[in-house]
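Some structures are shown below for you to check.
Two complexes come next, and they have one chain in common, chain A, joined by chain B in the first and chain C in the second.
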Partner chain A sequence: MVVEIKKKIGIPRSLLYYKYFPLWKTFFEELGLEVVVSDKSNSKIVEIGGRYAIDEICIPLKLYYGHLVNLLEKDIDYIFVPRYISTTFGTYMCPKFLGLPDLIRGTMDNLPPIIEMDVDLRKKPKYASAIQTGRQLHRSLRQIRKAYEKAIKTYHYFRNLMVKGLTFQQAMNIINKNIENFEPKPRKHNGVKIAVIGHGYNIHDPFINMNLFKKLRSMKVQVVTLENLPLEIFKKQTIITNTLKNYWGNEEEILSAVNYLFQDKTLDGLIFICSFCCGPDSLIDELITRDAKKLNIPYISLVLDEHSGQAGVITRIEAFVDMIIRKKRGQKITKEVLIQTPPSQFQG
Partner chain B sequence: MMRLKVTFPHMGYNWVCFKTLVEGMGAEAFLPDYNNVKQLDPGLKHSPEWICFPFKVTLGNFIAALEDGCKVIAMATDCGPCRFGFYYAVQERILRDLGYDFEMKYLPQGDLLTFEWVDLLKSLCPDKSLFNNYLVFRTARLFLMKCQLVQDIEKYEGLTRCYEINPGETTQIAKKCVQMVDAANRYYKLRQLRSRIRRMFREIPQRKRNGTLKVGLTGEIHVTLDPFTNHDIKRKLGELGCEVHMDLSLYDWIVHKFHLNFHRKYLEYLSKTHKKIGGLQMDIGGEAYWVLGEYINWAKRGFDGFVHTYPFTCMPEITAKSIITKWYGDRIFDLPPAFFPFDEHAGEAGFVTRLEAYVELLKTRKEKMKNGTRRN
Partner chain C sequence: MVLVETKVPSDIEGDLYLGIDVGSVSTKFAIINDNMELIYATWARSQGSPIKSVQKGFEEMKNSLDSIESQIRGVGTTGSARYLTKALVGADIAKTEIIAHAVAASYYIPGVRTILEIGGQDSKVILLKDGIITDFAMNTICAAGTGSFLDHQAHRLGVPIEKFGELAAKSTVDVVIAGRCTVFAESDMIHKQQMGHSKEDIIKGLCEALVRNYLNNVCKGKKLEPPITFQGGVAANSGIRRAFEKELGCEIIVHKYFLTMGAIGAAMLAREHVLHEDIKTNFRGFRVSDMKFIPKAFNCKDCPNQCEVTYVEKGDGEIIARWGDRCGKWSL
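Moving on to the complex of A and B:
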């Protein structure tokens, strides 16, 4: 019997990996490929990435380069670099996502064939992108359709798991072990609820954010991320001003989540994580800061970079959490529960 | 009838065109002083930390105008993936939080063929009768003509400066030409001006030199066209003995937004056909798509240098920069690029030193190529 050797496709563990990996993994595995993921981020990967990328680019992209180099060592047959143009109708992603395959092709040598996937919901349905990808691998339409349906199903299951309160890594473990109908146990906490909002690649990568989650959990704080919020809230269009429609897909999600969290009276504080030089976040940060000030909600914005010292970040987070705990204790003693007026709308 | 007092941000010589747009519709144009350090300060203070530089400059313009009692602000906006589309909304929010009372009028220029700009122009007009349709037509025509003239001035300025005998004469002539364009408000007069401007530049006493360098200048539109923001890079290049070629201008941009710019279509074609080595496949905002096209175009035409100016942290231009750096490093195209990101932290001396060093290197390179002693 001839054993068919599966071809390997490499996926860098960076950028949209933290959002769509279950989808990609199921899709390629159903098409008969072996999915290889790069190692977890570490200082060596950042160093190599910094050598390939130019100095001004943001840290997630530097990591992307590092992960790509790491993948090349694992002798793969294809490399998967998607081009996400828009993920909901009428939006765009950040310009760097729009030109990602071109950027990689233009700046790196000795790459295996790049498998592209143009996701553009402004112009074509999701299925068209799946066909485009499958066709590059010479698969039949029937195979692609089957793989696509299963991939979408897995992705929805994954999203639902995260809504139930799991972190990215826990949800991925469950997907890998093929457990169905999983129900998570509630975690013990001290009643302080803090939301950590930002891009997935900053929040779920423990190397970039200096193990922020572990630190927060060790302080017995209840942590909420963007993916843990109910799915319905992302369907509404956010309002920035009466005339401007937000056109960034990722920022739309962040704004919807912040809008929802600001109306949630049990929320005690908000941590916003962004990377240095991030274009969209520079504006979104400003808007959220102004809103938080108006609503009197504790808010801290952390800017990440490859040079950030761990101690500085940890000190700031500890101070922030301590302040919130002290504020809560003060409220308990005087028995004056601060009732905030419900904000009418997230509006400028 | 009340005449509106409208202000708009500065962008090099292009205030002439914007002024026509406002005054042609019967409103009063209010111009703050040309960008300066004093004006920039409040803009810096109130802007987000690492937003691109044009945001800070234009916010400084607006604050200066509002301090002088102007009530209406006109600002262009985009629909694209770059940050420019957010400018007016965030600026409005910042200014309102500062306690100013004003009205923000925005001009959607994502696609000018949707003719949304007609509504903006009509809203400036105190006369609400049908007559304002004629005014819109007339103003648009004058505006386009003036844009074309300003483009001519900028082009001739870059081409003649390195040959002038009396230093500084070209700058004077250019300023005089801008004044002339500003003063003329009839179509036939502007048509006469076109040949007159060409003649004025030709009559500057010139001396032909050997070994002048041909340098292409391109980049993000506000930074490339505004002499305050880019430390007058065009003049400095000219004084160092470079013939500055520039395709970028407001006219170029506007014609592109009417889908009639075939030069840009050609640049897109160039970028697209170089897919294998990383040419961009789609417009990713800013000018990245066309910067790559320009680079290929000028490399093929045998230019000596390529200067790319952009605001620090500009997302699309950084993508273009990465690709160009690699192309030159691998000798796929033989055109040495220089990149100048601009920010408020401006050291004039450092900038000039870098520019001088770049030009010196270009000169040596050219000489070596002439003698045949260049090693790769």
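Moving on to the complex of A and C:
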């Protein structure tokens, strides 16, 4: 019997991996390829990434380079570098996503053939992007159609798992183990509910965000991310003012999520994670700050880069959570334990 | 060491709570009783290791207050070395400086709305309403608005930092110094010296530069409502206080306990915690000063992260704290 050796396609565990990986994985596997993912982000990947990328760029993109180099050690035949231009009507992705394959080609010359995928929902349907990618691998239209349909199905399954309350990692485990029809049990919480919002590649990469989720869980906080929210809230375009519409794709999603969360009466606080140097994020940070202030919702934004000290991040998070807990407990705590106003002779 | 407050040991009755604030530059101790009265408070510059500074503080307490040791019902720690200190002394809770400062300030200055806290290596602003923290901020990527900035400049000018306030008061001319960055502040300061400005005017300019930097960086977009109080080591500097008053247009309250507010807050939080949870304290006692603690470290080679794992061993070989690993397999 002849054993067919599958060609390997490498996917960096970086950027839109944290959004579309189940889709990509199913698509390439259905086309008969073996999908290889780079290692989890670590100091070495950050260091190597920093060497390739220009200094002024955001840390997620620096990490992308690091992950590409990491993949080269894994003996791959192709490397997948998608070009996401627009994923919802009326918006654009950040320019770095628009030019990603060109950026990579321009700075690295030891790569295996790059497989591209242009996603531009302003101009062409998703299926057209699938054909473009499948054709580069010399697959027939029938094969591509079948792979595409399965990939979309997997992606919806993955998204629904998270809407039902799974974390990114839990949903990913189910996809990677090919478990079908998984029904997550609804979990009961009766503590502090904090939403952590931002780009998937900052939120779900514990290396970039310094294990923020572990810290929050150790403080017994219920964490909500953008992906846990109902899908229909992302379908309407957000309006900033009567004349101003949002232009950025990823930020559109963040703003929709924040608008929805700000109407949730059970929400105790919001943490916004963004990377240093991210232009679009710096704009919406300001918008969210203003709304949070108006609505009196505790809000903090954490700006991260490769030089961020862990101590500063942890102190901020601890103080933020303690602030919320004390506020909530303020009404409940027994009188004698409450800190009372001192007699006048102690007032300085 | 500065003795901020002390009462005669024979007068001290009832349960006591100890708060320890170990920051980057100084170590503070405070003891309160069940009625929240301050019994004892000290401030000292940390010399070398935080372990030594904490032990030294205990030695002083052992000498002057040995009889009250058994009355201590709860211990709280705060400051950047709060976890290490908690492990060393067997504290009951470790809380951030933000919470500790807010709790103590809202006790001593009822109705306080804004706390400006400037310490050795970081600066914070805390906003409160009805004794509850509503917002806070810390300096992020720049140390230009902190005590170390002033320490640096004082060193360059050859003036002891303690004299800063006094000298700034003698200034007659307004000199604007670029305070965005310590490096550029030095360039600007040298330029102003070469232009013939007096030391006093430059010092006042520096104080104003720090305040501008703090307000622009840390307090960005926040509404600072009076009453405003100023805490942390830099509050000792009257030049900075006057610069704040000039910039904010209102009185800045510096409470007599400003140096040890964090430690007092930690003691109050320990009291609250022990009473609320109804627990017995883990406190090792004043003998912490005689115990042997050996800090050690190694590089974990198990993955490319190569984390620096540090740990503290007690004299008998027991490991009382271990951290520094990203994955959590070493953490204790």
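Everything that follows uses one rule, which is that the second predicted complex is superposed on the first by the 326 of 348 C-alpha atoms of A that agree within 3 Å, B and C clash if a C-alpha of one lies under 4 Å from a C-alpha of the other, contacts with A are read in each partner's own complex, and residues count from 1 in each chain.
Methods note: a residue touches a chain if its C-beta (ideal position, glycine included) is under 8 Å from a C-beta of that chain, and two chains touch if they have at least 3 such contacts.
Keep in mind the model is a prediction, meaning the values are calculated, not measured.
Asks: Using the superposition on chain A described above, determine whether A:114 touches chain B (first), chain C (second), both, or neither.
Replies: neither
Asks: Contacts for A:137 in the overlay, against chain B (first) and chain C (second): which applies, first, second, both or neither?
Replies: neither
Asks: Go through the superposed model and pick first if A:152 touches only chain B, second if only chain C, both, or neither.
Replies: In the superposition, A:152 touches no partner, neither chain B nor chain C.
Asks: Just chain B (first), just chain C (second), both, or neither: which does A:323 touch?
Replies: The answer is second: A:323 touches chain C but not chain B.
Asks: Quick one: is A:311 in contact with chain B, with chain C, with both, or with neither? Answer first, second, both or neither.
Replies: second
Asks: Between chain B and chain C, whom does A:219 touch in the aligned arrangement: first, second, both, or neither?
Replies: So A:219 meets neither chain B nor chain C here.
Asks: According to the stated criteria, A:105 is in contact with first (chain B), second (chain C), both, or neither; which is it?
Replies: first
Asks: Going by the contact definition given at the top, which residues of chain A touch chain B in one complex and chain C in the other?
Replies: Residues 276, 348, which sit in both footprints.
Asks: What part of chain C is in contact with chain A in the complex they form?
Replies: 36-37, 80, 95-99, 103, 106-110, 122, 131-136, 138, 140-141, 221, 253, 255-257, 268, 272, 275-276, 303-306, 326, 328
Asks: Okay, in this complex, where on chain A does chain C touch?
Replies: Within the complex, chain A touches chain C at residues 39, 42-45, 206-207, 211, 214, 276, 289, 296, 298, 303, 307, 311-312, 315-316, 318-320, 322-323, 326-327, 330, 333-334, 336-337, 339-342, 346-348.
Asks: Quick check on the complex: what are the chain A residues that touch chain B?
Replies: 53-54, 56-57, 85, 92-96, 98-99, 101-107, 109, 240-241, 243-244, 247-248, 276-277, 279-280, 282-283, 285-287, 290, 348
Asks: Which chain B residues qualify as touching chain A in the complex?
Replies: For this pair, the touching residues of chain B are 48-52, 77, 79-83, 85-86, 88-90, 92-94, 97, 106, 275-282, 284-286, 288, 312-316, 318-319, 321-323, 325-327, 330, 341.
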